[in-house]
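Shared between the two complexes below is chain A, which pairs with chain B and chain C, respectively.
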Partner chain A sequence: MEIIEKIKTNKSIDNQTEIQEICLNKLQSIPIPNPKSELWRLSNKSKFSNFLDYSFNEKNPEFDTPYPNTSPSTIRLLIGENYQIKLINKNYSIQQLSEDELIKYMKEQISCFDKNENWSDLLNLSLSCKKNILGLKINGSKIPPIEIFSHASSSSLNAKTLIIFLEKNCDVDLLQVNLGKENSSLSQSTFFCLKENSSVNHGVVSYGENKSNLLNSLNVIQQKNSKYNLGSLHFKFNYARFEIRIKQSEGNAKTNIKGMQITKKDEQISTYTKIGFHGPNGFLDQINKSLADDKSHAIFEGSIIVPKIAQKTDASQLSRNLLLSDLAQIDTKPQLEIIADDVKCKHGATISQLNEEELFYMRTRGITLEEASKLQLSSYFQEIISFIPVSKDRWDLLDKLLTEN
Partner chain B sequence: MQSTMKEPDPILEVENLSASTDNLTILKGVSLTVYPGEIHAIMGRNGCGKSTLSKIIAGHPSYNITNGDIKFLGENINSLEPEERAQSGIFLGFQYPIEIPGVSNLEFLRVSTNARRKFLNKEELDTFDFEELVKEKLEIVKMDHAFLSRSVNQGFSGGEKKRNEILQMALLEPKIAILDETDSGLDIDALRIVASGIKKISNDQTGIILITHYQRLLDEIEPNYVHVMSDGQIIKTGGSNLALELEEKGYEWTDNFIQEA
Partner chain C sequence: MVNENLVKNVVKEPYKYGFVTDIETEKIGKGLNEDIIRLISQKKEEPKFLLDFRLKAFKKWQKMIEPDWAGLGYKQIDYQDIIYYSAPKQKEKISSLDEVDPKLLETFDKLGIPLTEQKKLTNVAVDAVFDSVSIATTFREELAEHGVIFCSISEAVKNHPDLIKKYLGTVVPASDNYFAALNSAVFSDGSFVYIPKGVTCPMDLSSYFRINSGDSGQFERTLIIAEESSSVSYLEGCTAPMFDTNTLHAAVVELIALDDASIKYSTVQNWYAGDEEGIGGIFNFVTKRGKCLGKRSKISWSQVETGSAITWKYPSCLLLGEESIGEFYSVALTNNLQQADTGTKMIHIGPKTKSTIVSKGISAGNSINSYRGLVKMGAKATGSRNYSQCDSMLIGDQASANTFPYIKSQQPNSEIEHEASTCRISEDQLFYLQSRGIEFEEAVSMMVSGFCRDVFNQLPMEFAAEADKLLALKLEGSVG
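Let's look at the complex of A and B:
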């Protein structure tokens, strides 16, 4: 594994940046993730090895997967393109972070990294060259929806990084799309900083192809009175791991998460979330859905951390899972760590199969078993899909997903 | 059961039907024949097998027919799938209509109606033509158009769910409708709307089986025959007066019939 060799030998990458150097050094001092680590114990070892097997590729060749149609009312950005972004309007501004701002912020972030939790970010930042890091500062309101794409290229490992500063009182819809390619690995790390009173509807859609892998990490810091809504969907990856870390730095913030992963064949897709409340009056409403078919494996592990300072926290985490085959596997572990004594927290998990009575009801109305199953699955998806900020009529990918299932 | 000169062919014939689920025998030799234009009522205590009979006629996959036959329009349907039975004209109105979140009622009704129309070799309806048809049928059950844009039965009151069942019956135009406790959970006004809807939809070419506990539905829709079920069997059949007697004397009175049967 070329990547692992690079880490072990600390062999420098061409034109290595300061951030890359720091991260490579850190990576060197910690073990490669393995099943002995609690956070990686369910991760399929051979699939993870396959993720690391591909040669690292900094280039961004022409991508032949069709993107959704462009819309004049949407801002579209591709990580890896050479942009000079400076969109200034009377209501809003979207500007690229300067190199100094970017380095300063990333150094702060890296200094807070937990060596066990942030391995994916350390790998990403040690591989992401300047060109593949997109940093944006967004300010104002009435901002057109923003779409940001990351994509892998065949037979290689690509790393892309996105950093977003949402300034005070800012309000935006942002859809992030991660596209896998046949026999490829994509490392995507995203860092979101929501300042006071800002609000974002964030969509993350990760769509793979045959034998594509994804290591997707999302780090969010919410200042007080901010509102973070996340709708996510991961499907068609040989191996995908989605790590979400959200920190309400002063409490008094709202987080809503609706996520879903769909696994088929022998795929493994996992979601790990850690939501930390570092002040009072925090709010979380989280639902994670998995749908596992054939011999696939879906994993959800979520933790909610409520220390003593986080009094009056109101947090809910629910894991709902649908098992469509006798050979498919679902592991789910929602958990709470509560020290504060005046909080309202709940969590739960369900694993079920398609509802026989619903199917029978539809069949007594002349709908075939196949159609009834599709309708039931589409109703299962709907709650999540409707939360993703994307205009469905402009993008047939989600329709395709519904049709295929 | 008919005394006309030339007896029409029956719509439904249930012949000595026995059925079980999870190795538990529920129906123990039920026979019932419904001719066009007839309304049958089936009454009986909870757990006597009334709802099971309706589900087996509709093809519920959880039940096994261990003996006997179900014939619909002269054809044995024992091995037909539920959707094939529905498409050919068997309708089951559920005691507890199922909620299907995320599936629009309008689309559900359109897909169902088109499945039936396809079977009848009628042209399938697009959304616009279907809207016209459904508008007309909504009148029958006095339902607001707004119900169509909601998810199937989700957030509907008990009465609204039952009216939605009758709306489906109106759209599917079945040859036989089995209505399982359609009157349960309805207030007097809703009961009248539902009963009037059933009467408007039925005609001399269709058959209806009403499964009920109470006389109040039968006050609105007078049955030609009343059957009393107990322990998986029909133990007594009579005219509409039988229901009145049951109302007056209670099911204990029917225990004598079990010995007779």
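Let's look at the complex of A and C:
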């Protein structure tokens, strides 16, 4: 808990920026997340304190080019690299946000933070120094797919922040990759603002190495007629927590989320989502899959909030879970809070293991048990993976999951 | 929209059980401390073990904090401003119903509870509880012939102390939660049922709870024990007069089912809900839990919750015995400013256990209706199954319907399925029914009753009819 001590005593960061100062002040006045809070009740206490144990590191480690290599058809960006981005083409433009724009927007965001919900963001923004914040303004269409990397260095805690403005009528595929290193903690916060008529296929792939930790939070604001598709995959983390907060600020927007988390050994990976509809005619289709093996623990908690103004909302949420070992655990809590009466809202949850009848059928056709299980798993994974942009062509995630699992 | 207002007008009917019986009562002073508990125990001439049980619970209660996780907004309860014992004055010992104060009989008559001989034809044995004490229990002799014990818990303490000592507090321990601890310390009366081995109870058993005084709380305790291969169906009803103060009702119900036994527990809760401005009404904080201790045992809860200003109630099943079954069927209706936070907990501990949850919530007016449930598969619950279904119906755009299902599994060889949906009475459906010549109000009530059908089918016949009527009355004026 070294970092917390530092935060409490205000010794954490030299040369604080304005944003860091605001967040530090807020952070000091609220308690550290603990099991008494509903949002953190299942978080493994020792794993979470392990996350905070590493000493804070502002410097960026050497970045060993992750697989696959860069390609001319994709734009690859690294959070923390100190470069000026200005890609202007006849169809599109990708530019870095000016400091004023960035500060103004972040101040607005921080003023709406809920002290319980946004603890991860407050921690992130208190620690993220100027060069570890990447702000982008994307405009136009026919934009090549963008890959954005965020990574931690061994034996330290890194904080990275990504802010993206998607201008009107813009359409983009964006893959965010968070890489954990051995004995590391990564705090990643992402802020997405989708203007009218914009659309994004957003992928989040996070994978770690031995004993890496991740606190990943994603805040999305959707203006009307925007479309947000999110495909996410989290695996190989000692402790990972993925928080998704989506706000359809004027309704009339579409959100599709397909997420998956895979836990092994004694890992704990959790996903928390909160989808708020603040206008009529909102649409949500969400599916979250978990797979827990060995002694691991997978958690999904999703809430859908439909206030009075959000008439004609159509929201569905499904949590599908596979429990593969006697010692593994799955917790799920799909939650609905509805006031508007003219809405279609439903949710479902299942926890089971691989379907025995299907396995039996395949075995009667001469497929070995191992192969049959693999086939089943691959169809289970495929639904999510095919939804993650860029990955299809460049990241053979399915092979990675199947060979490693 | 014409229909909007019409539908809203279908849920208003004055609370017809809101009268007060003018009867001399014996009350003790307000407040809660060790002396009060000793006094209650002394008044009830209880053995020492029970007094110790109460005092231990009181000590635990003092250290506990009132839970606030349900997010129910109600004003702080002053536990020192409540009378913990209130009983109608009557002759010491009653040998037959003729000796019961006619005013009391009249009260239960007005409530439609058959206590008097000529009304006993309905073949339901009734234990009537008025404020803190049990007034009368009918059909006792007939039940005794079968070995069934059905009496008030105070009598059971005197006549069957061994059973009470063995089972009281084993399902809901005194330290279970704040309100259970309070109940364990001050419980006044309630029903006790014991079904011996191999007996199928020849008639439905029923208890009727009536709160009469405005400043006393009601803390009843029910204990039902079904021995091997026995079965019983138990009904519970409750009403209270209209007061503009809030009255506290904190009950504990414990069910124990041994091998092959089955218990069906049905409730129609119609406590006074407060007026349209939310003034008055009962705070209903109840802990109900059943333990399926034996193999192939079964506990089934069915409830229709229409009353109370605040309801905080989670009838649960602990499924310990192999192949035991837990069921929960619930309809919760809230109107005006009522708040209901209700659901169930199905804790699968033994192998091959099964549970079914069907919950229907209807919220109208400015009310809040939440389903909060837990399904847990323990590490040893191999081959267990759960199916849950939670549907909500919203009437008007001011009411809220929430669903908070907690699902936890530690057993790969088990299956959990949960589904929930939200709907409303749509204009299309109303139009269709009306175009077939069905009156508007009838159409609404048909649709509500259709929505609740899965649950009503589980209720005993007398109750199902009553529940249907009750919903129609309660909804009168709210749909429109």
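As a convention for this text, the second predicted complex is superposed on the first by the 395 of 405 C-alpha atoms of A that agree within 3 Å, B and C clash if a C-alpha of one lies under 4 Å from a C-alpha of the other, contacts with A are read in each partner's own complex, and residues count from 1 in each chain.
One rule holds in what follows: a contact is a pair of C-beta atoms (placed from the backbone, for glycine too) under 8 Å apart; a residue touches a chain by one contact, two chains touch by 3 or more.
Please read these numbers as outputs of a predicted model, since none were measured by experiment.
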Superposition on chain A - do chain B and chain C clash or fit: fit
Comparing the two partners chain B and chain C, which touches a greater set of residues in chain A: C
Partner chain in contact with A:C345 - chain B first, chain C second, else both or neither: second
Touching partner for A:L87 - first (chain B), second (chain C), both, neither: neither
Chain B versus chain C as contact partner of A:Q311, first or second or both or neither: second
First (chain B), second (chain C), both or neither touched by A:D326: second
Touched partner set for A:L336, first chain B, second chain C, both or neither: second
Lowest inter-chain C-alpha distance for chain C and chain B in the superposed arrangement, angstrom: 11
Common interface positions of chain A, toward chain B and toward chain C: none
Residues on chain A engaged by chain B in the complex (per definition of touch): 356-358, 360-369, 371-372, 375-376, 378-383
Touching residues (chain side chain A, partner chain C) in the complex: 38, 308, 311, 321, 323-353
Chain C residues within the chain A interface of the complex: 69, 377, 379, 392, 394-424
Residues on chain B engaged by chain A in the complex (per definition of touch): 55, 58-62, 81-83, 85-87, 91-92, 94, 97-98, 100-103, 108, 111-112, 115-116, 119, 151, 168, 172
